[in-house]
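Here come two complexes built around chain A, the first alongside chain B, the second alongside chain C.
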Partner chain A sequence: MAVETDTDTGFGEVSRLRGTVFEYLSLGASVVGLFALAALLIYVFVDAFGLSTASPAWLLTYFLTLVVPYIGFCLYSISDRAFTRKIALALGGGLVVTAVGFTAIETLLVSIPGLTWQIAYLFLVATPVVASVTFVASRQPLGAAGFGLVGRLVGGAALGCAVAIMFIVIDRPLWFLVYTFGVLPAGGVYAYTSRREIGWPTAQATLVGLFGLGVSTQLRQILGIYPSDGLIYLWTLAVPLAAGAAALVTLRDGSRRAVAGVAVTTLLGGGGGFVLGSSALPTGSGVIIGAATVAATAVYLVEAVDNEGRRGLLLPLLIAGGALAGAAVVQTVGIPTPEMWLTPAYLTSAPSNEAANAGLYPAVVGSIIIIAMVAVLSFVLGVGAAVFLEEYAADTGLVGRLTRLIQINIANLAAVPSVVYGLLGLGLFANLLGFGFGTAVTAALTLSLLILPITVISAQEAVRSVPDDLRQGSYAMGATRWQTVKNVVLPEAMPGMLTGTILALGRAIGETAPLIMIGAATTVFSAPAGIWSRFSAMPMQIYAWANYPQAEFRYGVVAAGVVTLLIVLLAMNGTAIIIRNRMEREH
Partner chain B sequence: MSDDAVTSDLTRSNGFTRIKESGYGGVFLACAAVTLLTTVAIIVTLLSDALVFFSEVPLTEFLLGTDWSPNPRGRGFSFGIVPLVIGTLTVTVTAAFIALPVGTLTAIYLSEYATSQVRAILKPLLEILAGVPTVVYGYFALVYVTPALQATIFPQLGTFNALSASLMIGIMTIPMVSSISEDAMSAVPDSLRQAGYGLGATKYEVSTSVVVPASLSGIISSYILAISRAIGETMIVVVAMGSQANMPPIRETLLGIPYINPGDVLFESGMTITVSMIQIAGGDLTGGTLPYDSMFALGLTLFVITLIMNVLSDLIAQRYREAY
Partner chain C sequence: MSQNESTIDSESESLITTDVQPDTTAESASSATTIVETEQLNVYYGDDQALDDVSIAIPENQVTALIGPSGCGKSTFLRCLNRMNDLIDIARIDGTVTLRGIDIYDDAVDPVALRRKIGMVFQKPNPFPKSIYDNVAYGLKVQGKEITDERIEEALRSAALWDEVKDQLDQSGLELSGGQQQRLCIARAIAPDPDIVLMDEPTSALDPVAASKIEDLIDELVEDYTVIIVTHNMQQAARISDQTAVFLTGGELVEYDDTTTIFENPADDRVEDYITGKFG
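On to the complex of A and B.
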């Protein structure tokens, strides 16, 4: 092939062959791992959703009612003829290419187990097309409004679920008393004193709060009758959430009607959840989920209805309508539905030895509780250490030497295998300090130490990226070092620190080996009752099920667990990326 | 504390402010000290139980013994680490066969050939490979990779085998090699490349004969880190490789030179250092027994190996770095 022949310059001939081969070889190497992972992910998704049992008619129905309208919405919001033509070509051409290519491979070469050309089309053509139109549309006002609303709905509900799950392990009557006699008065005192500028607001509020805490712990032992969980949540969570959302709206545009509307709808959301909570959801959880979802969307809607892309707000209706229409068609025509493993029932029921009844609920609860504790611990420790290393450390003297030692030590800690951290948790927390084998506390402490190097390093980067002029400006105003850290460095570095911590939490949520070492249970049949009780976590449950020899477990139940874990991870990393992008846009 | 003489002199440096300031400084110092305490705690925890173990089992027996059975089988315990080392080496070497060349080529592509757009897409995608939980990789290896290999290339493959576990570890460690190597290659100054082109070299020649040698220290340190990661990898191996501490049969060639057939270790179940720790932890955790202490001896071994490799990688990166 290409040997350059037009070299009459006397430099001799240069073969391009070797270079070209090398370039494509290295390109191939860069994507080979990704292709391998993509293939495995396709298989695990197909297994989790039982797509190999889906009839082509079922796939077609939902493709037409859900995917096509969604792509249509994105294209409408982009409204670029050339782009629309390109997407249509990709969808149509992809259909032909996949159908012909897949059939040709199957008949001529080897049969591909577990896949049909329709599924291949779904993953190889439809998914990338949906991803790319979503990406482009999210930069248009219409699409941004729609995705923003969907994001608030999903995010609010997810956050509500997480909070509701955390309240499982909290003594709810005590929380009710502490909120009523401690948190609420302390907040009132803080608001009043800081508004009137009298005394030290923080100190006075802390005093009141501590007094209230003392009173409520005493009362908890005396009082015997408490409101139901739903009422407690309504009073301690939905009401402050409504007030907070209303306050946020006042800050933004100060319209009284909007404020009242937000407060009322949020309360209604909580109340609606109350009704729902008595029927479908576990007691009281509905209140939290309802209030969180409504508050998040209401605050967003107040602003978005005035924006230019407000027609995009119909996107959730489009999606819900599409899903309902698809279900209606499937019902009336009588199309057989595939055997899905990842269903709502799977997420809300306990593990079982029968594949059909097996669920992930206790493991999900365990994971969320551990991650909540790890988040608090590692964020506080990581930020504190990073601030010391970046703001307080010196180059010389004792502190300088200490700083260098800490820095080298952090780099080495990051390379210690996770199973060794498990031994640390076993020897120190479980055996020596007596926190118990396989309790949530032991697990949270162990995992916090495990991800501490990552959080410290990322928080350091965030602190370092704060421009030095801001610090100097603060010092020039006569601020002390702590005041500078508190008022300038931490607020500026906060998004970066949050991003780093969330990414590190993603590592913690998938860790299994340390949990096995501290004696976490592989299978727990009920959600943990407190942070001192034994628990299971999602990866532990996957590990336990992976050893089951039955095909329903191997290819069904475990696949559903794996997909759940991956979706949680994706959501966490997605949140981190959104925070990072926001931050980059602001600077 | 090195007090901030320059800055705080300008402020109200009365007694209360000073106390408050150093109080906050102390809190931050305490947070940073937790990282140091973690290391100390790891070493003390590992050593205290490992020393108990070594008072019962002599070090030579531990390091040279060829039988690993921490659960009494008939006549008692036996703690010889050699089969575990063989298992770990098998997995590590096989994973390195994938991760090192692929990772290096990826780094070369990203730093020399890729346009900035392609790089902006490929780099975060490659990080995903390291972000997937290891238990998920283990499940993939057991449920998808092993049957696929059995159906195509290696029909003699066991249900639990070292090969598919190593393949997954190899894929997982690709981004480790590629990102550190790429950083090193991007740090090579452009003037070196231009000099290469000036001498009439092609892009291929510049990449392989100028950029790679100039960034060799970074590349090698990335190799060491990736290998250290593969040695400490646990869940992939536990799920996909099973847990049988086998000694491979030692065969002899015609000339009487003993060798180990790679197929004997790759296609069969095996046990690594990490797996044996997990296996013991599945049984008895209350402490005071010999198997319990043996976990800490194994952990100490693992900790020392990874620490040495980490320090080595640091030294190479610093010592042989070309200063530009």
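On to the complex of A and C.
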């Protein structure tokens, strides 16, 4: 096949040797990369959850109570005999292959540190199988309903956590006043004027809002007594969330039947958080997280109830039940549990000199606050610069030459090492502008500058990829440049701009060098109280722990930190990707 | 920018933001019939000359076809009429173009306001990635005119598309077939009620059935609008146009006359060679 030979067909044969060699070389390159990454992730996960200390009995218990029912649910929702057989074969055959292969390598070649064949099976066979059945099942009505509900639960909780963390640095009494006297009246004015079609709703609402803001800042100086944080959150977040969720349901469903239900459950969720507020979860955060989770779920349930895949809604119960059953079996039989590092306590407590008490909470809060600021800053600046360079700046003449110069420099800036940006941040923001050493503001501005070239370049690509046909069509309709940018270019380029910003944010959240340069603390013991206070970020804390002499820190605690960092990154990217896909679908 | 906005807000009927006297000679020469007139129009893209001394008078409420081989400047000419060439940095325009006696390249003419009087349909259907309704409403929206369902329906009916899409106005314009998309673009162009509709090879990307629908549509449009159409298809020009202008390579307008004269008894030998297929 590969070499040219004479055959009796009379056509001869064409050599594909070089093409075939190239194909396998490229395959090899990608496989090597993926395997290196997979090996790294497996070890980090094994360390973070202490899986190397897990007994086979513990693994088997949870495999039977959690993994097997989950796969069973997915296969039931797919209900395709051939597929079920294939999955069973993969699970069974994979078991034999992994056990035999692993033992063979250990006895004949080298011993593999930190892994047993059971854990290898978990990662090499069980995880891919779970991923593939999840993927296929999520396309069936039954599975889609279940995964949709799980997704809303997890997403709502994550969103609630993010909002709760953002509110740590906001002055709650001031927010209470601003919401009551500014946001609420402004929203009311906007709704009223736009429904009655009188005047300019946006302008009037802005005016009212600004007036309210002024009044609130004055009142904040005078008033001394405020409701508790929990009540403030209930009034300013849970109530509007309930109203918004109810409005969403009427908008999509048309019927007013479910509205009251959604609103009431959301409020109950917020109130429930109030009641459940415990030491692990402050009351205020409980209200936000509860309301966000319940609102997202309630809206979804109202829509899914009429669908055929109603039984799929049992999935979250199945997962929770499986986890509880596993725990019960482990408890009653007396199976030793592995020494886990990534636990709820790890996420909610402060760093400590003892590995067993070490926590990442202040660093997680610091990272999330900084990333939120970076996201807003770099998106606004990046999109602004990109739109100017692509849509407004002339291509010819002096301006054109200047634009080209800027263009080349942006590309070069993207390649400047992050330490240099750290120096810039130190000199410009910390020293010259006096934003303080190691404060959250300085860090956010420095990281925004660091990723600005990437966001600008990717936003430019997005603007450039908007077909010129559309611009021409808009201009030919008598649109001004601004109208064309606003109505045609920005909506069309938005998904691409978001993708670029997401990727850049991924880089920003993991940066350590610039944070060291601007004097960020490696370890702080309480969450930052505001954007002007000192903070630590996840990569800084992980970096500090990696230098501790105790092995527990270097393996367990650091691994748990890395997994947390990855999870926060994934959650952030996931949210942004969902928003982006929504926007793409709307087009 | 602020000047543009003020023109929108006042919804003034005039293109001109300051007072300019219409060119009286042009008006008297063409009083009732001529709507667009060019004199010695030259267009350069950098050092390349795209149009060479084109002088033409286009009558109102008729179909004028511009034909000629590729690269002869037909589209450039069309884009001069609504100043779309202004958007190309390297384009330079010489000579005069008058619309109802007003020089549209006068400094006082706002090109955005001018384009609001002139609809344009492009070679490739280019509906916006919005709903059918929003596509048709786009011109009304950017021009600050009132958007009413009646107006949208009227535009879609004039574009012979209403019966096919009346139940799916919320659907994306991109979900329509190519021919429907092009008719949607025509509906979009005529919704703000322009004086002239420019069409740049509107059927060249369409199949013959869709193309013939557009041709029928042009026949009806000409009752209300002046249509200027660029086409590669000589049969099409012969079928639908009242006047035909033949451009040849180098941006030269070789002959301009009644369509019947051009196709049956052209004065210029090169035109005869071109339309009988001997070159081009």
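In the analysis below, the second predicted complex is superposed on the first by the 508 of 587 C-alpha atoms of A that agree within 3 Å, B and C clash if a C-alpha of one lies under 4 Å from a C-alpha of the other, contacts with A are read in each partner's own complex, and residues count from 1 in each chain.
Heads up, the rule we're going with is that contacts are C-beta pairs under 8 Å (C-beta built on N, C-alpha and C of every residue); 3 or more make two chains touch, one makes a residue touch a chain.
What you see is a predicted model; the values in this text were computed from it and never measured.
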For this session: Once the structures are superposed on A, label A:Ala203 by its partner contacts, choosing first (chain B), second (chain C), both or neither.
Result: neither
Exercise. Taking the superposition as given, does A:Ile406 touch the first partner, chain B, the second, chain C, both, or neither?
Worked result: first
Exercise. For A:Tyr475, is the partner it touches chain B (first), chain C (second), both, or none of the two (neither)?
Worked result: both
Exercise. After superposition on the shared chain, which partner residues are touched by A:Met517: those of chain B (first), chain C (second), both, or neither?
Worked result: first
Exercise. What is the contact status of A:Pro467 with respect to chain B (first) and chain C (second): first, second, both, or neither?
Worked result: second
Exercise. Once the shared chain is lined up, is A:Ala345 touching chain B (first), chain C (second), both, or neither of them?
Worked result: neither
Exercise. In the superposed arrangement, does A:Glu492 touch chain B (first), chain C (second), both or neither?
Worked result: second
Exercise. Who does A:Val376 touch here: chain B (first), chain C (second), both, or neither?
Worked result: neither
Problem set entry | More chain A residues in contact [chain B versus chain C] | B
Seminar exercise, completed: Intersected contact list for chain A, partners chain B and chain C 394, 396, 400, 475, 478-482
Problem set entry | Of chain A, residues touching chain C in the complex | 394-396, 400, 467, 469-470, 472-483, 487-488, 491-492, 587
Exercise. Given the complex with chain A, which residues does chain B contribute to the contact?
Worked result: 1-2, 4, 7-8, 10-12, 17, 20-21, 24-25, 27-36, 38-39, 41-42, 45-46, 48-49, 101-102, 105-106, 108-110, 113-114, 122, 125-126, 128-129, 131-136, 138-140, 142-145, 171, 174-175, 178, 200, 202-204, 207-208, 225, 228-229, 231-235, 238-239, 274, 277-278, 281-282, 285-287, 295-296, 299, 302-303, 306-307, 309-311, 314
For this session: Report the residues of chain C in contact with chain A in the complex, numbered from low to high.
Result: 1, 4-5, 82, 84, 87, 89-90, 112-113, 115-116, 118-120, 122, 124, 126-130, 138-139, 141-143, 172, 174, 185, 188-189, 192
Exercise. Touching chain B in the complex: which residues of chain A?
Worked result: 11, 14, 16, 18-19, 22-23, 25-27, 29-34, 36-37, 40, 43-44, 380-385, 387-389, 391-392, 394, 396-400, 405-406, 409-413, 415-424, 426-428, 430-432, 437, 449, 452-453, 456, 475, 478-482, 485, 506-507, 509-513, 516-517, 519, 539, 542-543, 546-547, 554-555, 558, 562, 565-566, 569, 573
